[in-house]
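Structure provided below as C-alpha cells; questions to follow.
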Amino acid sequence: MKIKEIAHILNGSVVGDGEVVIERIYPIDEAGAGDLTFIANPQYTRQLATTRADAILVRPGTKCPGKNLIIVSDPYVALGKLLAIFHPDDSHAPGISSHTFIMDDACISPEATVYQGVTVSPGAKIMRGVVLYPGVFIGRDVLIDEDSILYPNVCIYRKCIIGKRVILHAGVVVGGDGFGYANPGVDNQKIPQVGSVQIDDDVEVGANSTIDRGTLGKTWIQRGAKIDNLVQIAHNVVIGENSIIVAQVGISGSTRLGKSVIIGGQAGLVGHIAIGDHVMIGAQSGVHEDVSSGMTISGSPQMPHKTWLRVVASLTKLPDMRQTLSLLVERVKKLEEEYKVINPS
Amino acid sequence: MKIKEIAHILNGSVVGDGEVVIERIYPIDEAGAGDLTFIANPQYTRQLATTRADAILVRPGTKCPGKNLIIVSDPYVALGKLLAIFHPDDSHAPGISSHTFIMDDACISPEATVYQGVTVSPGAKIMRGVVLYPGVFIGRDVLIDEDSILYPNVCIYRKCIIGKRVILHAGVVVGGDGFGYANPGVDNQKIPQVGSVQIDDDVEVGANSTIDRGTLGKTWIQRGAKIDNLVQIAHNVVIGENSIIVAQVGISGSTRLGKSVIIGGQAGLVGHIAIGDHVMIGAQSGVHEDVSSGMTISGSPQMPHKTWLRVVASLTKLPDMRQTLSLLVERVKKLEEEYKVINPS
Amino acid sequence: MKIKEIAHILNGSVVGDGEVVIERIYPIDEAGAGDLTFIANPQYTRQLATTRADAILVRPGTKCPGKNLIIVSDPYVALGKLLAIFHPDDSHAPGISSHTFIMDDACISPEATVYQGVTVSPGAKIMRGVVLYPGVFIGRDVLIDEDSILYPNVCIYRKCIIGKRVILHAGVVVGGDGFGYANPGVDNQKIPQVGSVQIDDDVEVGANSTIDRGTLGKTWIQRGAKIDNLVQIAHNVVIGENSIIVAQVGISGSTRLGKSVIIGGQAGLVGHIAIGDHVMIGAQSGVHEDVSSGMTISGSPQMPHKTWLRVVASLTKLPDMRQTLSLLVERVKKLEEEYKVINPS
C-alpha cells in the first residue's frame, strides 16, 4: 500500500514522498525499507532521525526533513487501524469438532466454532460467531453471546453470562466461588456462593485473571471494560463501563467502580467502597475508602496524587530531618538555659 | 419455607409475621416479595428501612418496625446455613467418563466422578466421592482423598497428597518446582525439587493459586486453611490450621505460619521466618521477620498495627513538617546570634 | 553410596566416618540414619548439633565433633548435584498419543513425547526431546526447540519461539495479547498485538505466569533467565540473560532489563525504562525510572537500598518527631517573645 493511500485511510497528511510502497509495520528501531513505524510516546521522538523506516506516523507539528511522515491527530489510534488492516484476525471455520463434550441440552449455534477438548455443560448457550479454543470449560446454564472468543483453558462456572465480542485470554477463570467464611480464623464456615458473574459486551480480560461469582446477586463487569493479566476481582464487585484495570490489581468484595476508572498495576482496593467515575488510581496504591469522581490518588494508604508526590519527595529526607530535629532540640534547650541565666525570674 | 420455620432451623426468633413464605435469598438492594435477605456488615444497616425483602436476618438488638426480622446471633453464619439449604451443591453421578486417560496402575474408586479429558497417572489413587472436572491432571503417585473436588484444569504434580473435602478451584497448580537456584544471577544452577505438597482435610484454594513442592520434605497446608485466588505459596512453607490467606498474597520459601493466622490481600512474607498463632497481617504488608503469636501488624516493612496507624496519620504531614523544621532552624540560628550580641562571652 | 564416594563426586572432604552408607537426602530436622542433609543458610547452623542425619554438607570452617561432615565450597550447589543423582528426572518414552490433535502441516519429531489432549496447530514445529504434557496448546507457527518441557495446560499463542531446555510450568501463558488501547478510559480502542514472544535456551517459567506478545516486534526472555510463579511480563519487555524474577513481580510494557538482574517478589516496574546489568531490586519495590548497572534499590517509589534502610528506620519515629517538632515550635516562639522583652528594639 502506498504512503498516500495509508494517509487517506487515516485521515492524515503526507510530508515527503507519498508514492513509496509500505509492506510491513515494525518497531522504530527494527524498521527498514518497505516498513512503516510510529511515534506515540514523545520519549521516542529522538529516534525519528535515525530510524530507517520508509514511513512514520507522527503527531501534528513533528518535523524531520528527509523522512516520509504521515501526520495524524493520534498516531497510536492510527497504528491500531493500520494493524487491523495489515494483520486481520485469525478466521475460524464454523463448526463443532467431533472431539468435544457437548451435553444433551446445551445449545450451540451452527455458526460458532468449537475446537477439540471443549466441554459445554447442560443448559449452556453458545451463540453465533463464538470461538471456543481447546480446553475451554463452559458450566451449566452459561450464556456466551455473539462473536466472543475464549482462548485455551478458560473456565466459566455455572450460570455466568458473557456478552458480545468479549475476549477472555487463556486461563481466565470466571465464576469461581467468592472467598466468604463465617468465623474467619476460628472454624472458617464456608458461605455458599450462589450468585453469578455478568460480563457485558466488548470486555477483554487478560490471561489467568480471576473473577469470582457473587455470594448472592452478581459480580458485574460493564461494557467496554478492559482487564489485564493476573487481576483478581472478588465477589459482587462492579467494574464500570470503559474502566481500565492494569495487571495484578486486586479488588475486594462488593466494591463498586464508576465508569472510566483507570487503576495502575498491583494496586489493591478493600471491600465495600465506592470509586467514582473517571477516578485514576496509581500503581501499587492501597485504597481503603471511597474516592470521589474525577480524583487522582496514589500511595498506600491512598492520598491525593499531588500530596503523594510531595510526601515521596520528602521521604528520602526523613533521616536527615530526624537528625536535624534532634540537634535542634539540644540547641533550643541550651538557649532556654542561657535565658534563665540572664533572666532568672 | 415459612419465616417461623427458618427461624426454628437457625435457632433464631421472629419479630413480625412468621407466616410469610420465603422462596429465595437475595441481596438487600435487590430483594422483593418472597425474598429473604441479611445484614451482616453494620455498614448496611441503613438499608434496613428501605429494603423490600419479606424477611431479614439481623443481629440481636436490631429494630425496624413493620419489617419481618429473624434475630440470630450471627447473621452471616445463619445465611451460610440457609444458602446450603436453598442451593444444595451440584450432585455428580459417580463414574468414569470413557474419554479420560487413566494409566494402568492408577486406582479410582467406583464412587468417584471423573469427567472427560482428565489424566490420572500411574500409581495415583482417587478415593470415593471425589469429583475431577474436565482437564484435571493428576501426576504419578498422587492421592486425592474422599469427597474432594478439583475444578477444571487443576494440575497436581507427582507424589502430592490431597486430603478429604478439599476444594481446589479452576487452574490451581499444586506441586510445581520450587524456585531454587544456586549462584543466582551468575549461572542459575537449578536445584532439583524432589519434595512434595501435603494438603490436609477441609482446605479450599482459590482459582489460579500456586503451591510449590518442597525442595526436600514437604510444603504443608494444614487442616481447614482457606486460600484465596492468585496466591503464591513457595517451597517448604507451612500454613497452620484454619488460617485465612486473602488473594494475591505471596509467601516465600520455608516460612511457617501458626494456626488461625489471617493475612490480608497482596501482603508478602520473606522466607525462613516464623509467624505465631492468631497473628493478623494487614493487606499489602511486607513481613521480613518473625511475628509473635497474637500480634497484629501492618506496613511494608512491618510494624505493630497501632504504630502503623500513627505513622500513616503523620505521613501526609511530612512535607509540612519538613518546611516547619527548615524555618525553625533559621529562627533558632537567629536566636543564637542575638544571644551572642547580648552576652558576647 | 558411601560418604567418601559422595565427597569425591562433590570435590569435597570428609570429617568423620567416610564409610557410612547414605540412602536418602532429607531436610535437617527430618533426617535420620542413612540420610544426608545440608546447611546452606547459616541461620540453620544451630541445628547441626541436634540433627540425626548420618552426613551433613557444610561450608569450610564448620566444626561439629561426632558428626560426619562433608566440607564443600558451596553446600547448596553440592546439594543440587546430589539431588540430580539421587532423584533423576522422570523419563518420557518418545511418541505421540493417539488422543492428540495434530494439524496436518504441523511437524513433530518422532523423538518428542506428546501426551493426550495436546493441540498442535498448523505450521508448528516440535523438536526432539520435547515433552508436551496433557492439555498443552501450541498455536500456529510456534517452534518448541529441543528438550523443552511444557507442563499441563501451558498455552503458547501463535508464532512464539521457545528455545532449548526451556521449562514452562503448568498454566503458563505465552503470547497473550499485550494490554494496549488507544483513548484509555474513553473508548478503549484495541491496538492489535501482532508481535510475538521469544524465549531463549535454558529459561524456566513458574506456574501460571503470563508473558504477553509484543505489539510489534517481540517480547524477549534471554538465555538462562529464571521466572517464578504468577509473574506478569508485558508486551515488548526484554529480560536479560541469567536474570532472576521472583514470584508476583509485574514488569510493564517495553521495559528492558540487563543481564543478571535480580528482582524480589511483588516488585513492580513501570513501562519504557531501562534497568542495567547486575541490578538488584528489593521485594515490593516500585520502580519508575532507569536504574544504572550494579545498583541495589528498594522502596516504592525506588531509592538506593542504603537510603531506604535509613528511611524505614526513621519511619516509625515519625509520629514522635511530629510531636517533638510541634513542642519545639512553641518553645522557640516563647524564646523569641522573651528576647523581645529583654531587647525590645
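All chains are identified by letter, namely A, B and C, in their written order; residue positions are counted from 1 within each chain.
We adopt the following convention: a contact is a pair of C-beta atoms (placed from the backbone, for glycine too) under 8 Å apart; a residue touches a chain by one contact, two chains touch by 3 or more.
The structure presented is a predicted model; accordingly, all values stated were derived computationally and were not measured.
Rotation angle, subunit A onto subunit C, C-alpha superposition: 120 degrees, expressed as a multiple of 5. Different-residue interface: subunit A and subunit B share under half of the residue numbers found at their contact. Annotation: 24 Å between the Cα-based centres of subunit A and subunit B.
Residue numbers of subunit A whose C-beta contacts span two or more other chains: 117, 135, 153, 171, 208, 230, 248, 266, 300, 315, 318, 321, 325, 328, 332, 335, 339, 342. Only residues 101, 117, 119, 135, 137, 140, 153, 155, 157-158, 171, 173, 176-177, 179, 181-192, 194, 208, 210, 212, 214, 216-217, 230, 232, 234, 236, 248, 250, 252, 266, 268, 270, 272, 286, 300-301, 303, 307, 310-311, 313-315, 317-318, 321, 324-325, 328, 331-332, 335, 338-339, 342 of subunit B touch subunit C when the two sit together in their complex.
Residues of subunit B that touch subunit A in their complex: 25-27, 30, 37, 41, 43, 74, 76-77, 79-80, 83-84, 86-87, 89-90, 97, 99, 115-117, 133-135, 151-153, 167, 169-171, 202, 204, 206-208, 224-226, 228-230, 242-244, 246-248, 260-262, 265-266, 278, 283-284, 300, 312, 315-316, 318-319, 321-322, 325, 328-329, 332, 335-336, 339, 342-343.
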